[in-house]
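Please read the structure below before turning to the comments.
Should a chain be cited, it is by its letter among A, B, C, D and E, assigned in written order, with residues numbered from 1 in that chain.
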Amino acid sequence: MTFDQILFYVFSFWFIASSLAMIFSRNAAKAVLFLILSFFSAASIWILLEAEFLAITLILVYVGAVMVLFLFVIKMLNIDKSTLRAKFAGYLPLGLIVAAIIIAEMTLVLGGNQFGLDVVAAPARHAADYSNITVLAMQLYTTYVYPFELAAVLLLIAIIAAITLVHRNELNRKKQSISEQVNVQAKDRVRLVSINSPNKENK
Amino acid sequence: MENIYLTIALAPLLGAIIAGFFGGMLGRKATHTITILGVLVSTVLALYVFNHHVLEKGEIFNQNLYTWMQIGSLNISVGFLIDNLTSVMLVVVSFVSLMVHIYTIGYMDDDDGYTKFFSYISLFTFSMFMLVMSNNFMQLFFGWEAVGLVSYLLIGFWHHKESAVEANLKAFLVNRVGDFGFLLGIGLVLAFSGSLDYAEVFSSLDNTTNQQLWGLDLITVICLLLFVGAMGKSAQVPLHVWLPGSMEGPTPISALIHAATMVTAGIFMVSRMSPMFELSDVALTVVMVIGAITALFMGLLGIVQNDIKKVVAYSTLSQLGYMTVALGVSAYSVAIFHLMTHAFFKALLFLGAGSVIVAMHHEQDIRKMGGLRKKMPITYWTALVGTLALIGFPGFAGFYSKDMIIEAVHFSSLPYAEWVYYAVVAGVFITAFYSFRMFFLVFHGKSRVDHHTEEHLHESAPSITFPLIALAIPSAVIGYFTIDPMLFNGWLDNAITIDAEKHVSMTELSNIFHGAAAMIPHAVQTLPFWMMVGGIATAWVFSLYRTQWADWVQNKFHRTNYALESLYGFDRFNEIVFVGGIKKLGNLLWKVSDMGIIDKIAVNGSARLVGFIGSVVRPIQTGYVYHYAFFMIFSLLIILTWVLFAGDNPLLQIEF
Amino acid sequence: MELLSLLIWLPILGGALVILIGNNRADTARWASVAISIVVFVVSLSLYTEFDSSTHLMQFEEKVSWISQFNINYHIGIDGISMPLIILTTFSTILVIIAGWEVITRRTAHYMAAFLIMEGLIIGVFSSLDAILFYAFWEASLIPMLLIIGIWGGDNRVYAAIKFFLYTFLGSVMLLVSLIYMYNKGGSFGILDMHNLNLTLAEQSYIFWAFFVAFAVKVPMFPVHTWLPDAHVQAPTGGSVILAAIMLKMGGYGFFRFSLPITPDASLEFSDVVIALSLIAIVYIGFVALVQRDMKKLIAYSSISHMGFVTLGVFALFSILTMGADGSLVSLNGGSIDGALLGLEGAMVQMISHGFISAAMFLVVGVLYDRLHSREISTYGGVINSMPKFTGFAVLFAMANAGLPGTSGFVGEFMVILGAVQANIWYAVLAATTLIVGAAYTLWMVKRVFWGSITNDAVKTLKDINGREFLILAILAAAVLIVGLYPQPIIEVMHSSIEHLLNQALTSKL
Amino acid sequence: MVSLSDYLILSAVIFCIGLVGIFINRTNIITLLMCVELILVAVNTNFIAFSHFLGNEAGQIFVFFILTVAAAEVAIGLAILTLLFRNKGSINVDVTNSLKG
Amino acid sequence: MMNTFQFDTALLLVALPEIFLLSSIVVILLVDLFLTKGFKQVTYYLTQFSLFITGLLAFNLIGHPETVIFSNSFVLDNMASVFKVFMMGATMVAMVYSRHYLTQHSLFRGEYFVLVLLSVLGMMVMVSGYSLLTLYLGLEILSLSLYTLIAIARERSGAIEAALKYFVLGAIASGLLLYGMSMIYGISGSLNISEISAFASDANLGSRETLIINFGLVFLVIGIAFKLGAVPFHMWVPDVYQGSPTSVTMFLSTVPKIAAVAMLVRILIDGLGAMHPYWSDLFMVLALLSIALGSVVALMQTNIKRMLAYSTISHVGFIMLGFVTGVVTGYGAATFYVLVYVFMSLAAFGIIILLNKKGFEADQISDYKGLSKHSPWFALMMLIVILSMAGVPPMLGFYSKFFILQQLVSAGFVTIAIIAVVFAVISAYYYLQIIKSMYFEDSEKEIVVSAPMDMKLILSINAILILVIGLFPDFWMKLALSLF
């Protein structure tokens, strides 16, 4: 077993284990943390595949931003406590069987016969001066300039969407009105009312 | 000549149309004048035609008026065939019709539907003319059904009477049963001859040789089917049930349609088809036997009837049976002869009965009459003539015709002819018995009329008595004058075909015939005469001399009596089996098969099935997103498996 | 615009015009509608007067490219088979519009317009020579009828309308598929091209059944008839009239125009089945009609029974004649060419006559319904006492329905039975039972409704028919009698076409 | 050496875990969003593996865009989630079944 | 290492519609920011204007020779141009209808129009996409905009629920689609459609390659089927149709279908056309399931939007059948169908929106009771639309079905054609329910049509055209066929 393989299996194990832990987690916040672990494992595997730039991006963008966003929402909505017990679908066994069969079938297709080393040889390692980021950048700004623009549009949509959906406009936003606060008088706050006791009247 | 024929037919039609559409405007007098004029014209012209064809031996006239339809080589037209048979029929029909028209003036005097009635009977006369003048099967059927229609309308003329509208429906339907056979017969005629024209059909009869249908000769089947039609119209057992019921109509109708003319259409038709019937002994035998059964058993029923019109109606049935017997033994001319004499005396009897009924304020039960002789002399004497003619008293019209029928049967060589002979002879006794029973009960003996009616009882108006007299004369004498030329001197020869070798009755008859006058003394020595005398005597005993004996006999033979009074159960049988059964069947088909199986199960059921599937499938859409996801993944699994392993060319082979 | 196009589009545009007049100006709408329908009728008469009955070729042809992608043309023309039906259509529409004159008070303009539009569409059906054009008209004509039943119908109108629509829709989609199949085979949607298209027996069989489903539903034949009683009972009088008088004929026409010439061998192959179904329709439905308590239902069932004669007449020919090796017609069972022609032409005459009679019968029921709002037979009794004139008409039409000679009802049945005798005597025996059963149910109803004494006080107050009703019934009575007494003009018109059809039907395509 | 097949199978497993996570989970919707992320990571691994073994950067570029899309998607997903919470006071999956049939 | 990269800016003209639209979006976004409340309508008019100009630009490009730019990731052919023109037209009509709805339900916001425009942009990208990457990005632009559009009715829990479901399921679907793309990429080594096509149509394709392509194909087909809303990936359709604000339902049920078909054409036909025998069976099953389920389940619905959703599923089945045939004319038929469908659907939803007023969604079938009495004209319009959807001649809907059936029969799928028409008859039943409500039933409740004149006019034209084009469908059929 080569070192590559050892690394691969270790990371794979963590990857799969933390993914499973994530989906079976009862606590949303914990699930996010498991997911982060998954992403780290994934990034490691990507590095094995010599995609350093993407691996870093995954960590920085995903773990650094997206996952934090998740956590932020979870904490903001306070939903990690509200669901104390995880509930799983009644057909969980069936679901797992389905998943298992799908995995089996996919494995059959993707197995050694099709993608083994004897079929697809492992490429030679890149030279030490190979810069993954440069290669990607070159392509991104030339060949893929059109998708790049589209990605910009996508992000624009994300911005618009987030603002449109979540931003509270003047009508439904809770805000202070200083002048009203200043002008408030005692009678606005407390009103003295005399109450006749109903018991007396009845007697 | 053509115009004359046309006028004969159209004059009453014109009268009918005028009376029908403008009767209300014109008033009663004008209406009856016009219609009677129409029929009078026809009568005069009919006599002229009779003279031309029969007496002067004119050419047979056979010509089409217009083409009803032309299909390929098949031409169906409306046209006239005027030969001697037609001429005789024309005279009989027009004369009786004329008498009935006149009679109606008095009889229907107090009826609201006066003008309508004239319209109908004129229309009937027209239809009957078209029937007898037809030169082809289609037109025959036309006339056949048209007279049925008028009969339907007239039986139900007093439409507020439930029994009347019941009877007209029955009459129409029973006739339809006959028409069913008739139409099929016509169809077969067309099939073998390729034509519906009488002349062409008769000339292509050879086509039928050696053809079989239903195990019989084709020609036999055709004749039998045609005879089924005749049975319906001429009220032969078992299709006779409508005729007694038809007495619900006004009496002139009973006289005109249900005694004198329409019911004889079947007799006429079979005579017309003599070239065909001659080819089939089987058919002739059936005709004869059916006729005999009708003659005997319907006569028996006449004995137990107490309704004056019913008695006459059953006698009509019985007489029609006699005519049919004559047809069966190939004595077509004798049948026509009896048809003629019968038309006169039976119309006379009916009109006489009508006269009595009017006088009795529409009381028809003979047990509530009696002793009318004095009050209604004309009616009495004419009725006596009619009755004597009916029972075949020597010298009267009916004597000649009926005697000839009995003799013809006697000579017949058909199987069962002997039995038929006994039946018709027995029939003579029965006829005499019920006829005179009625005669005695009505006109003789003590009056059983209630007081109120008694006071108003008087002889009928001249418009009623005139036809009685006018009909009484031929009833008395026509037989004497016409038997010779009609039967033995070839009056009908150009219309009737007899296979003289096979069917010898007519030949034998002519051998023994020595003139009308000679028949009277000869008759006295024969069995039928004494049967008749016996009948009269018995009638006298039971209805005048010892009336209590009648009750005794009734009690003694109560089973027979029951059978007779329930009319052998034909009505009951029809009621239960046909009416009830068909209603049940109809309901079964409708509710179970149509609404249940087809509509509810198959049609709405499939709609419901779709709906059911929909409601079963619909809950899959639970609204839970994880269900949706699962459904997607599950589908992925199925599709993946299918693509990889199934199909003609599985992408992956699993090796074990 | 050519004559035929004019006939198709004039009523449709007229209908649109009437819609524009609007329900608020009901009287204007009525007069406009009747004027349009009369104009159309008069125009249609010129089809008759200018018709050349000596040829079977299509006349008044028009052909304009419509959907060139599929070689679909606006191709119309008529022959002796379609011409009488077109005139029947224009004739009936006038009656229906007059019949709805004061009865329809709700959405009058729409009612009238629906009938006018339907008239145009049905004329389109009868004159289309392109299958897709035919199909389009065929289906489109369902729409106005759906609305007529659904909007102006009785209590259960929704069920009836939807059932009617779906039943016929289901039937006709099969027709569409088979038409497409033939197009793919022959490259043309022209009906006349399809006549000459060679098809194997298997293909013919499938196509035959597809046709059969479409047309049998429309006719309707047993066992796909159950929509008819519902539709008829629920439809307003005018709807019933058009449905019975014309729409059912579309099915019969389909057999003439499509089934026989396009699938002659399959028609031969399955003629026994069709005949069996026809005979069941005649006998079975006759019995069913006998026990109806609802007048309209009774007439509806009687319609089915009568239409059985049409299919019987059409398919009996295969048991009468066959085509000899030398191309001459050879008789089977001793039948003759005349016999086959009797069947076919009898079927046509039966369709036309049924158009008059069923229309008349429904109008008769309509007259009563308008007065007492009941279709139950038991509500009535002794109607003659208060409505003598009306009873006169009713009895005449009843007699026509029972097939009395001298009325049109007799002619078709007579011809078909005479033809059927030559095919197989048993066909004729069964068919002829209608003489008895038909008379029984019709006259029994007449007896219970018109004769007898009055049992229901409401009947006493009935007013006899007014001038409008008298006019309609009188026109129909005249039509019934004229056809009954002198059918030759109709037969003459169709003879060449039918003879040609006979040859087509007997010429094997295999 | 690690074969391409190994990477692909790994990502297939992750992919399926992501799928299963979506439908077995009845707790809250946020987990669904995370499962979607998991699926995308699996796909990304696929692309990168192919890219590596093919010596072709297109796959990596694709992953780059997928990451962008995923980020945008998360933003919108969380926005919707927030709205849901505001409307129903819960993000339990079970509350979202008013539309069904 | 330097890439030698050249780009002829003149080629940008080919993408002018997209460029213009994107620029307008930005402008509108900015303008909207500064508009005070009374002038919000300006956004609407600007939107319509930019759609119109974009459409014009696209129209101008019809007939332009097939051009591929942006390193083979953008293609301009006739199909693209015609689809774009149609999408612009349909969107414009949809916006006319939407405005009434938005005003009635206080949803009129600038973002709405911007998002619509963005989704249109996404669809344009899809239509012109010539690489898996651009197709994917276009799809995501579209989807993300749609999710947002649905959720824009923030106060309605139904809308949020719909958005969520659409979002989650959509994400799974894009995941599957991406997985399929990765397989295609992995085996062919390219993201480019033309290169994939070259790879797949290689006669010497080995069994391993075939296996992997088909393996990927399964995922691709699922992704596309999801977008189209075909059974069994249809679950989102009814919920989303029902829950979304009607104007959004109208939009997402119409225009994106064109884009989905375009994507289908790009991937499955332009790219993997050689694999047709493999995917056509799959398509056939999905198509028949869609037709069947759409027809049957719709019977049970009382909500008209939900019913139309099922009807859409059934229509989608017909569209897919066109692709089953595997011949160019069949694709033409499918294209014709989808364009007709968009046309009909717009009118149908248009009428629903027409009847909308504050607090009244008019989304129950029973809401249409007595429409023919209160508003006979629009009842007639609805009648035309409904009959067209049911496929009754001479409405346009008939010809689209006819075209598909003709192609099916011609390709030998007679049985399939028969099954399809039988279900078409079943589906007629639920269409009749609407007619029943409008015409056969009566309601005391007055239905007032308060829509502005322009909407009434456009709607009437829309509906009448269904009939008129139905009378003269030749040109449109030819047009659809000319795209392949």
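As a convention for this text, contacts are C-beta pairs under 8 Å (C-beta built on N, C-alpha and C of every residue); 3 or more make two chains touch, one makes a residue touch a chain.
Remember, predicted model here, so these are calculated numbers, not experimental data.
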Ask   = So which chains are sitting against chain B and chain E at once?
value = A, C, D
Key: Any chain in contact with chain D as well as chain E   = A, B
Remark   = In terms of CA centroids, furthest away from chain A sits chain B
Key: B-C or B-D, whichever has more C-beta pairs in contact   = B-C
Inter-chain centre distance, chain A versus chain D - centres from mean C-alpha coordinates, in Å = 8
Message = I'd like the Å distance between the centres of chain C and chain D, where a centre is the mean of that chain's Cα atoms.
response = 65
Ask   = Roughly how far is chain A from chain C, going centre to centre by Cα mean, in whole Å?
value = 71
Query = Roughly how many whole angstrom separate the Cα centroids of chain A and chain B?
reply = 101
Ask   = Can you list the residues of chain A that touch 2 or more other chains?
value = 89, 95, 99, 102, 109, 114, 135, 139, 144, 147, 151, 154, 157-158, 161, 165
Key: Shared interface positions of chain C, touching two or more other chains   = 166
Two or more partner chains touched - positions in chain D = 8, 15, 18-20, 22-26, 29, 32-33, 49, 58, 61, 65, 69, 72-73, 76, 79-81, 83, 96-101
Remark   = Chain pairs satisfying touch are A-B, A-D, A-E, B-C, B-D, B-E, C-E, D-E
Inquiry  = For the complex, give me every residue of chain B touching chain D.
reply    = 618-619, 621-627, 629-630, 633
Task = Spell out the residues on chain E that touch chain C in their complex, using ranges where they run on.
result = 372, 376, 387, 392-394, 398-399, 402, 405-406, 409-410, 414, 417-418, 421-422, 424-425, 428-429, 432, 435-436, 439-441, 472-474, 477-478, 481
Remark   = Residue set of chain D touching chain E in the complex reads 8, 15, 18-19, 22, 29, 32-33, 36, 39-40, 42-43, 46-47, 49-50, 54, 56, 58-59, 61-62, 65-66, 69, 72-73, 76-77, 79-81, 83-84, 86-88, 96-101
Key: Contact set on chain C toward chain E in their complex   = 66-70, 110, 132, 135-136, 139-140, 142-143, 146-147, 150-151, 157-158, 161-162, 165-166, 169-170, 173-174, 176-177, 180-181, 183-184
Ask   = Mind pulling up the chain B residues that touch chain C in the complex?
value = 66-74, 138, 141-142, 144-146, 149, 152-153, 156, 159-160, 162, 165-166, 168-169, 172-173, 176-177, 179-180, 183-184, 186-188, 190-192, 194, 211, 213-214, 582-583, 585-587, 589-590, 593-595, 598-599, 602-603, 607
